[in-house]
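Note that chain A is present in both complexes that follow, paired respectively with chain B and with chain C.
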Partner chain A sequence: MEVDREDGRSQNQLRPLACSRNILHRAHGSASWSQGDTKVLAAVYGPKAGTKKNENPEKACIEVIWKPKTGQIGKPEKEYEMILKRTLESICILTVNPNTTTSIIVQVVNDDGALLPSAINAACMALVDAGIPMKHLAVAICCCVAKSGYVILDPTKLEEQKMKAFAYLVFPNSVRSVLPEGSLRVEGEPIENGIITSVTHGIMSVDDYFYCLERGRAASVKLSDFLRRNLQQQSTDSSKAG
Partner chain B sequence: MEGRLANSWRLTVNDKNFIKTALLSEIRIDGRKPFEYRKISIKFGREDGSSEVQLGQTRVMGMVTAQLVQPYRDRPKEGILSIFTEFSPMADPSFEPGRPGELAVELGRIIDRGLRESRAVDTESLCILAGKFVWAIRIDLHILDNGGNLVDAANIAALASLLTFRRPECSLGGEDGQEVIVHPPEIREPLPLTVHHLPIAISFGFFSNESILVIDPTHNEEAVMGGRMTTTVNANGDICAIQKSGGEGVRQRVIMQCLQLATSKAASITKQIKDAVEVFNTERALRKVKRHPTSTGVDVREKQN
Partner chain C sequence: MGGNLIEALGFKVSSSSSLPFFCFTGGVTPKSSLCRVADNKEKMRGLKLPLSQTQRVRLQRAFEKLQSLSAKANSDASVTVADTIPVNYEDAFLKGYGTTDLNGELVATVCGVVERVNKLVYVRALRARYKPEVGDVVVGRVVEVAQKRWRLEINFSQDAVLMLSSMNMPDGIQRRRTALDELNMRSIFEENDIVCAEVRNFQHDGSLQLQARSQKYGKLEKGQLLIIDPYLVRKSKQHFHHLEQFGIDLILGRNGYIWIGEHVEARDSVVIDQAKSIEQSTVVEGINRAYTPLEMRQNICRIANAIRVLTILEMEAERRSLTTKRKR
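Up next is the complex of A and B:
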């Protein structure tokens, strides 16, 4: 069904994406990610020696610090830190540098909806910029379910508040393989069909959730293409002096 | 995570000697002359009151927000101005998250003194109902990248944010005129703050050979220098604040030289800030004109950076 969104987008249309890497000088890796008006800055320092007290020293450890735009750090920020940490732990290869800590600092520059997905995308790009070894990229998207049942992607803050429920979904990036059998398979299913993280707010039916997953996965293919183009372009035209 | 030697950054003895010897022949390691400022770029975000300033490699983000609160009891007719500095761990590997260290507190205090004591921001216009409701302006400064001379960059960010911030218009209502109605920005245009003058902070570094003086030190020079002084002056030639805490002693004529230099630099920086704010205001006015969104059926659009 045709849906009227305030900024004229269609149901499955994402906002304009912009991403730039290596913008900070002291950080080992940095990236700025913006989806429409939502803008997030991420910086990576690492690997640094030693792990924190309760972490396993046989693996690398990831530490996330979330800095809100204004105000004190409270429970929502701690929750974002935890979600980011677990998501990034599952995409980084933790056995390469044991007993080290990689710190990721996320700074919210502007919040206009889909903040956590933007942060995950920015953190992933910053890790690539820092050269931290990863299994694959994490591509995050936000899907909302409205009261009348339709699903829209990448809402603005106003749209998010009006929706019945929304879900933040993180998928591995789509694979472009030269091998004839395509991507790696886990138990018969290609690896990019998996979900890394899913956080939902509000009530939605099981069918709605699966519909969101389907839409989200389709959008993640487009996002992966954008990431791939962006990474390839920047690695060819900028010469990093370290 | 304290006591982590891996986090602390130290300049090697060779680097330090190189910087000092180069300064004897008036050469700075980034190619500037001793009294030359780095390039300043001031950008604004989408919202009113959000600015991002880049001074060479130093990057600071400023954000201004306002809230209606009860005024202090000894100043019932004045609004409240508070500055919060965040030394984000992304700026420097030695910045730890959590409570602000002494550098952060000192930076906040210098900027605070420059703005508050010199009455740059008019706090009496922030009063809505004397004794009951006043606007509390909160300035958040996030240091994103430490390339040296954080005070100056943070000060410019604070000023740029204050100049572009707009507070909602409110009027008195209710049965006895004691209720405050805050009008949303769509109904009534928000108002800018009254800023009388712009106090600009200019920092100097002194080196062990006391005739060596540099303006706007980078973080390599900061690790080598023997003393620092920050003077806050405005374009009219008024001295708003001077901060020289410890470090090596300097002669009076050096201080006078610094003040004269600072006044001339302040004029050019003030002009730069005002020009940037002008551009932002024009853009903002143009944005108010509602345009029909030009979107075609492309699922993912991308901007070239």
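Up next is the complex of A and C:
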């Protein structure tokens, strides 16, 4: 079913992605992520000594602060903070630095749809920039279900408002080999399964949800390629320093 | 060879005769010196060097040669998160920092370069925070005078602790620290003093404990503190350098804090008589302060600037990089 989207994209097409790391010099890690017009800035400070009161001292603790573009901090911001915290805690290796707190501050620069997935991607890149060990990268995508039943990826704000329901899905990055022969082997295998986070709003049927999952997973492979290329480029730029 | 490349790029050196000219460190293979230049391609573009046509062509050829050299897959591959590390699984190997076992495969957890030392495989992260080791020389700033200890800020996730008992008493006698010594801690180090010390061990919560038992450690005066990225200071046999040409002491702290100061012969153990300590110290300070000559201060600033340029070009801060003199 062909769908006309306002900006001329196809159903499964993502907006142009841009990512840059190490933009804030005083933060231990920082990254800026933009998908089309949505732009988010994330900064990581830490690990710092000590954990919060109710947290397990045998593990590292992650603290997220969400700063909206305008307005005061209210319940939606607290919800985003909690989702981000749980997502990032599952991808970081928490036993490496016990009894420490890592703070992640997310600043919304512009909101044009798919805000939470952009924030998750930005926070993940900022953690990589800070050198915090992680099991894999988190790749986040937003899928919407329209009233007539078709599914589109990466909506803009206007599209999001018109939709019946939407879901934010976060998938783990696949494990790839560094040598070229190794990656050929991986391509023949099916796409990795596993999902880190799923946040849904609105009403959708179970079939629609599984369809979203499939589409999201396929798109996450493309996203994770982009992330990998980005990291590879920057690591070869600054490697061999010594 | 590296030096010629710098010349070819037309780095302008001022006509001051005693200005140290930075060159690539000796004993470096041509490939890695090219690496360093090529890595800074973007930064050099930003510097807007005036290149003639032949220089431009030479630079372009050097970059292309470098790309071909580094494109070959070798065992020192740079990895990103969730990349499998190429290891021969039949051999016994030890998993080091930055690696984890996932489904029987060795996977990298940080972005970096794979390093192999005998059987240890680990990932050296680029641009990472300072990772302290026992025996490292560090330079720190006192942030707090607490009970029987000083807390120093050393560019690490936690403040380091220097115990009063790990510090030589000014009169040089080894004795138990009494309550009076505790009360007079401020006469040894105060807040915002720069101190040089050595890492003694790690405490249970991960913070460092330092010691300053030798004459070469202690309070640093009459100089400048320079903060650079910790990965640019490599562990070497000598961290204390004395540049005789300028009469300057250079202390390369492994945490990225570098001290450049006027040379002090040996730390005089001034006997602090409790009654006269205050007036004596102000008199001594008054005499010394007048005597840092202008030329010495200029030299200190020049060395500091040379180090700053080296860090911008991401070259290591090393003694050899700074000591080749160039007269133009």
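Convention: the second predicted complex is superposed on the first by the 221 of 242 C-alpha atoms of A that agree within 3 Å, B and C clash if a C-alpha of one lies under 4 Å from a C-alpha of the other, contacts with A are read in each partner's own complex, and residues count from 1 in each chain.
Note that in this section a residue touches a chain if its C-beta (ideal position, glycine included) is under 8 Å from a C-beta of that chain, and two chains touch if they have at least 3 such contacts.
Everything numeric in this text was worked out from a predicted model, so none of it was measured.
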Touched partner set for A:L137, first chain B, second chain C, both or neither = second
Tell me which partner A:V128 touches in the superposition: chain B (first), chain C (second), both or neither.
-> second
Which superposed partner A:I93 touches (first chain B, second chain C, both, neither) | second
Does the superposition put A:L41 against chain B (first), chain C (second), both, or neither?
-> first
Touched partner set for A:K52, first chain B, second chain C, both or neither | first
Check chain A for residues that touch chain B in one structure and chain C in the other, and list them.
-> 48-49
Chain A residues within the chain B interface of the complex | 7-10, 12-20, 24-27, 30, 37, 39, 41, 43, 45, 48-50, 52, 65, 67, 69-71, 101, 103, 105, 107, 109-110, 112, 219, 222-223, 225-226, 229-230
Within the complex, chain A is touched by chain B residues 1, 4, 6-7, 45-47, 50, 52, 57, 59, 61, 63, 65, 86, 88-93, 97, 138, 140, 142, 144-147, 292-293, 295, 297-303, 305
Please give the residue numbers of chain C that touch chain A in the complex, ascending.
-> 32, 35-36, 39, 42, 70, 73, 77-86, 98, 100, 102-103, 105, 107, 109-113, 125-129, 157-159, 205-207, 231-232, 234, 314-316
State the interface residues of chain A toward chain C in the complex, per the touch definition above.
-> 22, 28, 46-49, 93, 97-100, 128-137, 172-180, 182, 228, 231-232, 235-242
